[in-house]
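The structures come next, written out as structure tokens.
Two complexes come next, and they have one chain in common, chain A, joined by chain B in the first and chain C in the second.
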Partner chain A sequence: MKALKWTGGILLIIIAVALLVSSISAQSDLEGLLKRLDAQNVVDLNPKMLADRDRVLESHLDNDRDRTLRNLDRYLERHGDLLLLEGTHALELTAFRSGPIVSSVGVLLMAIGAALLATVISGKAAVRKAALYAVGIVLLYVCVYVVEQIAGTSSMLVTVLKKGAIYALLAVSMNLLNGFTGLFSLGQAGFMLIGAYTYAMFTIPVESRGQVYQYYAGGLIQFQMPVILAIILAGLVAAFFAYLIGLPVLRLKSDYLAIATLGFAEIIRAVFQYDGLGPITNGSNLLRRFTTFNSALFPFIAVGICILLIILLINSTYGRAFKAIRDDEVAAEAMGINLPQHKSMAFVISCFFAGVGGALLAMYQTTVQASAFKASMTYEILLIVVLGGMGSVSGSVIASFLFIAASEWWLRFLDAETVIGTFEVPLLRSGFRMVVFSVIVMLVVLFYQKGIMGDRELSLDMFKRNGKEKRGGRNA
Partner chain B sequence: MQEFITANLPYLLGGISVGGQYALIAVGYTMVYGILRLINFAHGDIFTVAGFFMVYLNATMPVAVSLPLTILLIIALGFSVERVAYKPLRNAPRMSVMISAIGVSYLLQNLMWYVTGGLAKQYPTIPWISSSITIYTATTKMVTLVTPILTIVLVALLVQLINHTKIGMAMRAVSKDFETARLMGIKIDRVISATFIIGSALAGIGSILYFSNYTAVTPTAGAMPGLKAFVAAVFGGIGSIPGAVIGAFIIGISENIIKAVGLTTFSDAFTFALLIVVLIFKPTGLFGEAVNEKV
Partner chain C sequence: MPDHVLELKNLTMQFGGVVAVNDLSMNIDKGEIVALIGPNGAGKTTAFNCVTGVYAPTNGQVLFGGKVIVSNHPSGKMAKMYLGADKDKFHQVAAPSPDKITRMGIARTFQNIRLFKTQTVFDNVLIATHLHRTSNLFTAVLRLNSSEEKSMREKAMHLLDIVGLADAKDEKATSLPYGKQRRLEIARALATDPTLLLLDEPAAGMNPQETDDLSEFIVELRNRFDLTIFLIEHHMALVMDISDRIYVIDFGKLIASGLPQEVRDDPEVITAYLGVDED
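== the complex of A and B ==
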């Protein structure tokens, strides 16, 4: 068995490396491939063909894959009769076309091989479990990438994936506070706003600032930060404000805390729209032209890292202290847990990730305006947390993808006036989607209070333990 | 002096008027909180729905019919919201009920958006109430004068109801101790329904007075006044009706003073700042009773 694993693992890695190398070389050597296709060099005699070929190479140099493939198809279609398209050349062309998919399969095989080797080398159950999770995560990312390559970056599916990932982070960060620490805060939108604005303000290119801050003579900030730094800064600024706000507010209990944080979110929104801060925040005008992302992989990786950090936190001693506070404050204090310190910590960390989520949301939307960050945004995220299950990270993640897919995509048909034959389907018109959607949400809230996951997590153990252990409900 | 009054009187009158309207909403919040310990997030939306009832009813019938009908319909709505969304959760954790309230608010807003197509609807002019009058040097609508008077009359009636009738006594008992009241044979559900009926009726009246001041209603028009009325209820001490009224007047007037000073952007923020200050220094509000939480 052990020998089988060794050979299997090494074999997989070798295949993976071969796949990666071949797909990468096929990607980089497009020019050589085109030369080989055109063995007689007819290109030089045919100016139209030359122009078409140059267009392919130009878009390839720009790293715009969609455009390259389009241009390549056109080139082959127009001048295919003059080229050698049989045998190895056809294979090379296919290799170029399917490059991303081949390389992602390579990455996946590499992960599986590495996981196999890891389990043979250590043999510990924990390592085996970690290896399985790692393979699962890589598989997920590969799927996202392949889907994106096949469906195109602007398809509905990819849009849902991008927005869903960002909402997943927002929901998990809110769950950390509401579901795990039992602090019922409704200030999420305010901290998202801080994050989104911080990110946007620092990543607008200097040359565009004149146009964006047109009423404020280009604004005060005259430099541009790298994206990663700006995202982290967005989280830090949100966390800093959370610390300040938490000092007085966290002494309040349950619904008073909810209303006070809601109030602070409104104050933050008003401050960011204040004309006097215009040179920094652009007043009530929108911020645009900052750096955004194209591929769904960016939000997936960023969100993945953040959620991983949150999971690690939840499983640490601090996380256990948070849960103790949630279950019984007095008992937790009696056990020696420093209440103000832990509450403040949970609040600050949750708001840090809300800020990061806000920054990602800004990137997704490509523009930011303070007036959009209303209390209704907080409510939406709260409903996601409830749908997924208070106190379940995986529940929040699943619920956000379902929520976004349902509201942006699956229920879209409800918004379109539909005529079947001569029969006009009643009720269907703009806005009906959200009505149906909110009815569904209400049904879940009323009859399915624990949400999708309750307070359990999606894990490998779930399948083994299924049915053996039934956990009782938790009173919040 | 003359100039000072001329410049500031309109704001003061506006503040008193808005304060009265907040008071009518705040009473609904404070009564529901007093009995169910629930922030009824849907209350502000019920207030907005009342505005739309008035718009649609007034298009087909005379004011004398549409006005009472609006209030009847809004009572029916408040009653059914309680029956459908809050009653099934009577024994659930408090947070579940609050989330259900947020869900109802979400549903009502989406429903209003659907019915109106997201457009602002012109609010009808109600005869007499919408006519202009001149007080000293300030020209204003009749509603500005009517609101505070009507508010005080209605609240006085309500206080009488609570202090001197059987259902009022039941309400006080339930808000003191939910479980014991139930053991004493009080029909909890009837008391809660009565609370929602009174609250919705007052919100309906408040809505008519509030929107008379404006030209149009939008699906989210009631969210802010609703929140501010809640702040007023907390400010006055939640559960206390006179407290809610006084809180509402203070908030209405100070909000308009902020506008008069020229900081309109901060008029909403000020209200919440006031709330936070109150919560920190006197968590039970001006007239609230201190409750010791048992372990």
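== the complex of A and C ==
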């Protein structure tokens, strides 16, 4: 009986995923779908059919959904008997017709159904919890997708979501080192730069290299890597540099470590602009034309996987060792924790994800230039970590979306000179945004020192025990 | 004759011109509870720190189970400044870091409690099981080590049961009363699977009732875990009660050693340390 219900739940999930995937692919690939409907290539032989189909595609290209659907209906009505309208084709067609929102909601309902089923059959609290988290994550991704479909990929909201997601990864990776292991490093921008450059250098199409590396005869690298591999390589290269730098630098404590890593980031920035390395790094010129992403789902999925890995790490026995080092190095060592080994591990892992974040940032920006990776970028991320709470992953994630939204969007109006009637609003001019932003940050740090989350995490238990819980657990 | 569990040979620790531990030689046999006592600043904790690898001694050796684990002789600048004896006796140099010494089987507690402050009682003990892990980073992150994780948790819970803190397992370590924090430190040390347990003033800050409980508890631990215990303590009642033998140091130098009764009646100890004849 139990097995039956499990199978049911799993089937629902599989159907949900299949539906979502087919819905997404149907949206972007109507032409392919129409070709698949027509397995015998009758359209090419029948001019009338061809005209009807072209009308559908034309209106689709114009982004006129209503007209597309009308034309599609007419096409199917007139020539339906010649087309394959069963099985997966029918499913794809339905997905296209019902549109992204309806199919996303459908997916969501199915996910909830699957979770409820799992909850009902298994009395285990852990399973119930995992099911709820799974629903939460599905909900989040569906929301992102729907928002993107409604607001458009290049709208401000989606831009903030994309950048916010990438900054969330950067902040969480910095938090892993500064908040969870207690190593105060300021080298984030340097490792991001390494990641961004590694990614960019290896994904520029061979035919574009002549233009990008115009001063260096097309550069040395003459091949293109797949995106996923290049992103992982970006992390690995950053991690490798972190390992080398960590050997001498991790012997230093607190302030000295911060200064040394800050210095390293500045040196890296200079090295990447060095003319002698031009055939590889393009000197101080832009790197461009590498593969980027359109949909916000890409950074959300990539960042989601990375943050999931970091959370798994933090809650593993190694993560506990990191936290022990943060709390008391002497005691940690007396408990048999090898300090140099574990510090190096934390540093390398943090920098791996900084490198991956740098690669995603490069994709988001579509161009990369070493001079942009200044120390101020590290401070931005440090600010997010502090605002969110040192030692809280969810705090970092929340804070990065808030930070990006505020700095890119909500506070933009402060930069515009505004005239109401004949009254010119004082102070509002270019640059004022940063002043206000700094004041907000100061207020937060003065009156809300622990940040948004302190060292707690956002979880289901938090809502359940709200109020009952004594706030005694937050002493310094 | 079997090897001593712990043996110190001419251990000397000199900081600049100050000799904190001076030519200290002693030994502890299996199953014994041995106390190191002396007035404030006599060098007791420094001796502990030399054994556990926090400091590399200036001169002398530490043997654990008959094997030399720490060994040093004055060299460099210290060779000229050195004020102690037996300067050229030990040529071997060995100074393992504290984590390596813990892995050999020597665990300790701290005089000024050093718990992991932001962690729960349970996690404090759980962390100390990390050193015997067989999982690597990848298996741990990908949760391929669930059976090991489970046994780690069971062991931590078992130890909390023994020290009587099972009910407080989800509380923050620093929210416990002082006496319980000391017990938690002991549980944490036991989680590293030691054969020799070093207790640095375990009764400091405890009231008489708690101290009495602690005496029984230490003896019980020794029997239950087949431990050898080496402790520093100011609390004479406790020391006299549970120690098999006592070493007394003053200004870093050993001034007396022997059975509790002998030490108590030693005139030199009385003048140096006890002052009055009863606690």
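The rule is simple: the second predicted complex is superposed on the first by the 367 of 476 C-alpha atoms of A that agree within 3 Å, B and C clash if a C-alpha of one lies under 4 Å from a C-alpha of the other, contacts with A are read in each partner's own complex, and residues count from 1 in each chain.
In this text, a residue touches a chain if its C-beta (ideal position, glycine included) is under 8 Å from a C-beta of that chain, and two chains touch if they have at least 3 such contacts.
Bear in mind the structure is a predicted one, so any value in this text is a computation, not a measurement.
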| task | Please indicate which partner A:Leu312 is in contact with in the superposed arrangement: first for chain B, second for chain C, both, or neither. | result | second
| said: Under the stated touch criterion, which partner chain does A:Gln273 make contact with: chain B (first), chain C (second), both, or neither? | reply: first
| message | Tell me the contact category for A:Val441 with respect to chain B and chain C: first, second, both or neither. | response | first
| said: So in the superposed three-chain picture, is A:Val330 touching just chain B, just chain C, both, or none of them (first/second/both/neither)? | reply: both
| request: In the overlay, answer first, second, both or neither for which of chain B and chain C A:Arg320 touches. | output: second
| task | Identify the partner contact of A:Ala260: answer first if only chain B is touched, second if only chain C is, both if each is, neither if none is. | result | first
| task | Identify which of chain B and chain C touches the larger number of residues of chain A. | result | B
| task | Residue by residue on chain A, keep only those touching chain B in one complex and chain C in the other, then list them. | result | 330, 475
| said: Could you list, by residue number, the parts of chain A that touch chain B in their complex? | reply: 184, 248-249, 251-256, 258-260, 262-264, 266-267, 269-271, 273-275, 330, 374-376, 379-380, 382-383, 386, 390, 429-432, 434-435, 437-439, 441-442, 445-447, 449, 475-476
| query | Can you name the residues of chain C that touch chain A in the complex? | reply | 52, 54, 97-100, 102-103, 107-108, 110, 114-119, 123, 126-133, 135, 137, 140-143, 145, 149, 152, 172, 174-175, 188-189, 191-192
| said: Under the definition above, what is the set of chain A residues touching chain C in their complex? | reply: 309, 312-313, 316-318, 320-321, 323-324, 326-328, 330-339, 345, 391, 455, 472-473, 475
| remark: Residue set of chain B touching chain A in the complex reads 37, 39, 84-85, 88-89, 92-96, 98-100, 102-107, 109-111, 113-115, 117-118, 220, 223, 227, 230-231, 234, 265-266, 268-269, 271-273, 275-276, 279-280, 283, 293, 295
